[in-house]
Amino acid sequence: MTPSDRDATGLLTRPEPFVQLVTPTGERRANAEFDPWIADIDLAAVGRLYRDMSIIRRIDSEATALQRQGELGLWPPLAGQEAAQIGSARALRDDDFIFSSYREHAPAWVRGVKPAEMLSVWRGTASSGWNPYEHNMAVPQIIIGAQALHATGYAMGLAWEGSDAATIAYFGDGATSEGDVNEALVFAASFDAPVVFFCQNNQWAISEPVGLQSKQPLARRADGFGMPGIRIDGNDVLAVLAATRIALDRARRGEGPTFIEAVTYRIGPHTTADDPKRYRSDDEIAQWRERDPLTRVLALLEASGVDSAGLEREVAADADRAAAELRAAITTLADPEPLTVFDHVYVEPNTHLARQRDHYTRYLAMFDEPGAGASDRTEGTTR
Amino acid sequence: MTPSDRDATGLLTRPEPFVQLVTPTGERRANAEFDPWIADIDLAAVGRLYRDMSIIRRIDSEATALQRQGELGLWPPLAGQEAAQIGSARALRDDDFIFSSYREHAPAWVRGVKPAEMLSVWRGTASSGWNPYEHNMAVPQIIIGAQALHATGYAMGLAWEGSDAATIAYFGDGATSEGDVNEALVFAASFDAPVVFFCQNNQWAISEPVGLQSKQPLARRADGFGMPGIRIDGNDVLAVLAATRIALDRARRGEGPTFIEAVTYRIGPHTTADDPKRYRSDDEIAQWRERDPLTRVLALLEASGVDSAGLEREVAADADRAAAELRAAITTLADPEPLTVFDHVYVEPNTHLARQRDHYTRYLAMFDEPGAGASDRTEGTTR
Amino acid sequence: MTTLTLAKALNAGLRRALADDEKVVLMGEDIGTLGGVFRVTDGLKAEFGAHRVVDTPLSEAGIVGTAVGLAYRGFRPVIEIQFDGFIYPGFDQIVAQVAKLHYRSRGNVRMPITIRVPFGGGIGAAEHHSESPEAYFAHTAGLRVVACSNPADAYMMVRQAIASDDPVLFFEPKRRYHVKGEVDESASLADAPPMGVATTVATGRDVTLVTYGALVQTARDAALAAAEDGISIEVIDLRSLAPVDYAAVAASVRRTGRLVITHEAGQQGGVGAEIAASITERCFEYLEAAPVRVTGHDIPYPPAKLERHHLPDLDRMLDGVDRVMGRPNSLSGVEA
Amino acid sequence: MTTLTLAKALNAGLRRALADDEKVVLMGEDIGTLGGVFRVTDGLKAEFGAHRVVDTPLSEAGIVGTAVGLAYRGFRPVIEIQFDGFIYPGFDQIVAQVAKLHYRSRGNVRMPITIRVPFGGGIGAAEHHSESPEAYFAHTAGLRVVACSNPADAYMMVRQAIASDDPVLFFEPKRRYHVKGEVDESASLADAPPMGVATTVATGRDVTLVTYGALVQTARDAALAAAEDGISIEVIDLRSLAPVDYAAVAASVRRTGRLVITHEAGQQGGVGAEIAASITERCFEYLEAAPVRVTGHDIPYPPAKLERHHLPDLDRMLDGVDRVMGRPNSLSGVEA
């Protein structure tokens, strides 16, 4: 079976059935179960969600541009997944702890991480951009699925402490095939851990369609592990917000984990190093553009009598400002000092590493003292 | 939550709901879906299944006795799981390949492995007891769950070759928590691999009750991975036979994997090194003794007019003979030659290992030549 | 002073750690109700409750990965891996997460996780139950690796490992679990020698014999046997395998001029290779002969009836001593 | 002779292996439709079909574990691990199954599995994309470990690895994927030097410089630079890391009396430790100085902007040469 056969089944790339509160054209669909959870979301709040999504989209595209211009080594764009990320992140309390993969720029932004900090790791100046305890968000995880276990363990700890805070684990459709994610479901269920498993099914794991990972909607995985699974339109920020609140509420009440599958789409490449033309069609992308998470919110606002064009303009200006700030900050990020390679390997003194550091210090010093050691032969070297 | 709380939920230790064709008291329950699959099983065939179960039970108890007498290093008894193992193994075709854990003595016996070969590995004279290709059964797996992936890969190969043979992966309830088993479900579903996942839920993973691994019946795990899950009374050999045939038939028709949960019980200790009194009650064991897989078959035969007492006597004599043969064979098993430690590490010549082998050969030779090397100091050594 | 087996000393150390710091939690398979297959955690669940001594689902990646999350939250998880050969399913979480998170987070997140591993052979067990995987972890930056060899060290070192803010792989010589020794349960952590420090367990002039874990006792026996032959062996119990206390080993080798390293793990890329290389770097001018390694063969762990032909024993250690001394030995007359 | 990049040479070798033996199947993440993130398998799925070039679900244990089952069935799976740092989730299946099944089955079951791993740094990548995990596998009995350094070797060695009845960890120097070289596509497997044999890529009198993978080129450059200084360096490309071709290395060291080993992996327990120890054992009387190791630091792989302070480069190699020659160097005046 080839990837395209797997698409042809249509089971997984066809977004329905899922919960949708706002259609792609901006119509509000009533839902008795979900609506109470967003009763507080008035038009102003919807406008704020729009603003969040717009700004992070702009930051994301600026980062892509910075990468193209050689300012970043790599960038994994979130374009298309704004509703999934903003809706879920805005459902959290400040003391809920976030464990994410490499693509969750929006939750980081919601948590007050500066975009330039976010990008520093992709520029290669730092191994991570922020202090997790300042933002209650772990540093991004590159090993697919590993963070699902971390979120579960942290949540177990919360429960043991008697806290009513929760954790959220972000991961992709591809990640559901890794042992770690499945083991996280086992542990979370067994210990009634207050964790929300938030799977962004963006249809692709690099070049692999979700149908290669699973023939079932991913949310159906949950039941067999002993937890509810909710499948939502991940491009509908209100559905995402409601579903995440439902899951968090269960967690806080000690009822354990919930699995959410947010059906969405990665509009851009996997990363800036990826060439999606090799594995998917323009048609497919066009189809998903029609399900854009931002336009439907504008349409909803417009239909509700809000000056959506005005909002759009105003937010665009803010977004541009954020992008300009980012650009200014990132291009002036200083390169780290050589000897910092040895920092933070250990907390406690380590005789072996101290010796190695000393040696490298001496080695570097040779280049400061012309004539000493090997420095007279640096011509034509790789440095 | 403590293990005993987990039992208290009763969800998993309570065997129902499951498919049962013969009750513990030997009544035959009609089942429209399952009955056609055992239409060929007449009373004589039932008698043969009884015979299989009796003999393997006797071999198993002989092995336990041999261990207690110091003839084996360890033994993992199958007592209580005879129906699950015989029913499933007897459903297989000779060219179906078996991948098992350490407890599946019955499938090995069904496949013609000599009991003494089976035991050699527990005696410590060999790293495995048989040639997998002579019996179409892999050597036992100790790493929990690892064999589920092997069975899946082998099955993928069968499908690619166009064969209609299948594989069966035996594993326990505890194994369902390992990443490997879950990844096997992912791969098997994705590639429509002709594999039967045969989970013997014997209620315990050493001291851990199944409720610690899962709050759901394990068979429910299947659906979310995209395959049918069947939950059967694992102490009912006819239900096991039928379910396995159903699953194999699906596999042969190219419809992919099936997950079977056989609800059974480990009557004895985890291994001869285990002390189950530390974690479970006599009451629990007594309850499960009433669901014994063998007595119900005798009762069924008796009710059908068969001279069950005669059969019992006849089979007991055969079983005793098998046990005696085993004892004679195992106690005369020769210890392996020292230098065989180096055999079969590699297929091809390996300079490093050849040198190490040479060296050890010389070392051993010193002890043959009195006066040479260190041998004059062997007094009080650990050898 | 109390006389305790090594297993009971560990039990006492764990009890003390649980009592001293409520953030300490034990996690593992069968460690609660059963008290562990070696009974090292016996009674601790009853004493501290199921949230402090946690029977986990059967999944090593799950145990280590949730421990990472717990450490993120400020806990100090102490994991029991049931047998050495079962650590590999958790390998990714250990080397890619536990070892690297402090570095990755630029010092913000600490991983004070202790991973207890009963290791080594000599107990007549089935496959995967007798391995010595310590070199994998000694090669992994960000981890500390220690091995205890006697009850007194077991008691203090397990407490030190738990108190350490760095992750520690803690290897326990399972075939010595039942060996008894004196333990000072009143000793304070601060007074005990740090776990990074090696111990000279026998002094000698001719050869430095370095080992750790279960083989420390065998090495002491070898030193006694050699003494009868007039050869004086200094035996060093490394205790820490990463980092190694090279100051101690080098000081000894500078005196003896000869080094033998012995361990159960295979030779190729074992801890002995690193020690031989590092000591040669440090003591080249003092060495009378190349350092000799006496190790398990580079084979999968053999069946129980053959393990005595795999594990270094007293005779093989003495043969190694003969090699380094240039006395008649198993390689006499062989071209290098 | 064709001029091919190293990546294209691998592609040609894989194509040839697929064509020669229908039991050869390639498996991995994104290797089919995409042709692999480095395009090493480009075009092969179109040519041989989806059952020969298999895009797998995202799970390394799953890939290795199903490959074990396929090998049981008589297939010869060739696995691509997308980047070095993603091999660890598959570690258990590699060390506990792939490496041991032939032994466990007493020679009845073969595991002719090739595990291709693009390895090493120098490409400015994010974490986990620049690691050098080879020592873990070289320490694992039952595996063979090789590393190619140039297109010609890449082409032949990948075919040899696939043809080998033993499991092979096949390390590819990812930062040299785009380097071109002459490849003789008509050469037969039988004529090529076996993959276990080291190659002397530059002859010299004063120092033997041993390396593998991406650093072979750097070592050659270092030899050229040193020559201008009047120092004559012999450069050996190990090619095989387990087993190491000690005959070749020892022969060279007996001539030069001096050994420098260099690799990107950390020093502690790296392949260099084993080579230093083994060569010291074999050549003690010939050594003028202790073998010197020039390696990555014992740290998690650092952020991209710092990797040049981690990876051995020409200058650090020359400093190592100065150390082994007793010329002024970075450790001059430092107590050992």
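When the chains are written out, they are named A, B, C and D in that same order, and each has its own residue count from 1.
Assume a residue touches a chain if its C-beta (ideal position, glycine included) is under 8 Å from a C-beta of that chain, and two chains touch if they have at least 3 such contacts.
In this text, all values refer to a predicted model and were calculated from it rather than measured experimentally.
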(request) If we define chain centres by averaging CA atoms, which chain lands farthest from chain A? Would you check? (result) B
(request) Give, as an integer number of Å, the spacing between the C-alpha centres of chain B and chain A. (result) 44
(request) Measure off the straight-line distance from the CA centroid of chain A to the CA centroid of chain C, and report it in whole Å. (result) 40
(request) Mind checking the centre-to-centre distance between chain C and chain D? Centres are C-alpha means, answer in whole Å. (result) 30
(message) What's the distance between the Cα centroids of chain A and chain D, rounded to whole Å?
(response) 35
(request) Would you please write down the residue numbers of chain A that are in contact with two or more other chains? (result) 1, 126-127, 143, 177-180, 183, 186, 190, 212-213, 345, 352-353
(request) Pull out every residue in chain D that's touching 2 or more other chains. (result) 56-57, 59, 61-62, 85, 88-89, 92, 96, 103-104, 127-128, 141-142, 242-243, 268, 297-300
(message) Chains as vertices, touching pairs as edges: which of line, ring, star, complete or other describes this one?
(response) complete
(message) Please output the residues of chain C touching chain B within their complex, sorted ascending.
(response) 29-30, 32-35, 37, 50, 55-59, 61-62, 85-86, 88-89, 124-129, 218, 221, 225-226, 228-229, 267-268, 297-300, 302-306, 308-310, 313-316, 318-319, 322, 328-332, 334
(message) Under the definition above, what is the set of chain B residues touching chain D in their complex?
(response) 97, 99, 126-128, 131-133, 138-139, 143, 146, 148-158, 160-161, 167, 179-180, 183-184, 186-187, 190, 343-348, 350-353
(message) For a test of understanding, state which residues of chain C touch chain A in their complex under the given definition.
(response) 25, 51, 56-57, 59, 61-62, 64-75, 89, 92-93, 96-97, 102-110, 141-142, 144, 164-166, 196, 242-247
(message) Residue numbers of chain C touching chain D in their complex, please.
(response) 61, 85, 88-89, 91-92, 95-96, 99-100, 103-104, 127-128, 135-136, 138-139, 141-142, 242-243, 250, 265-266, 268-274, 276-278, 280-284, 287, 289-293, 297-300, 336
(request) Please name which positions on chain B make contact with chain C in the complex. (result) 1-3, 73-74, 102, 121-127, 142-144, 174-175, 177-180, 205-208, 212-213, 273, 278-279, 335-336, 338-342, 345, 352-353, 356, 359-360, 362-363, 366, 372-375, 377-383
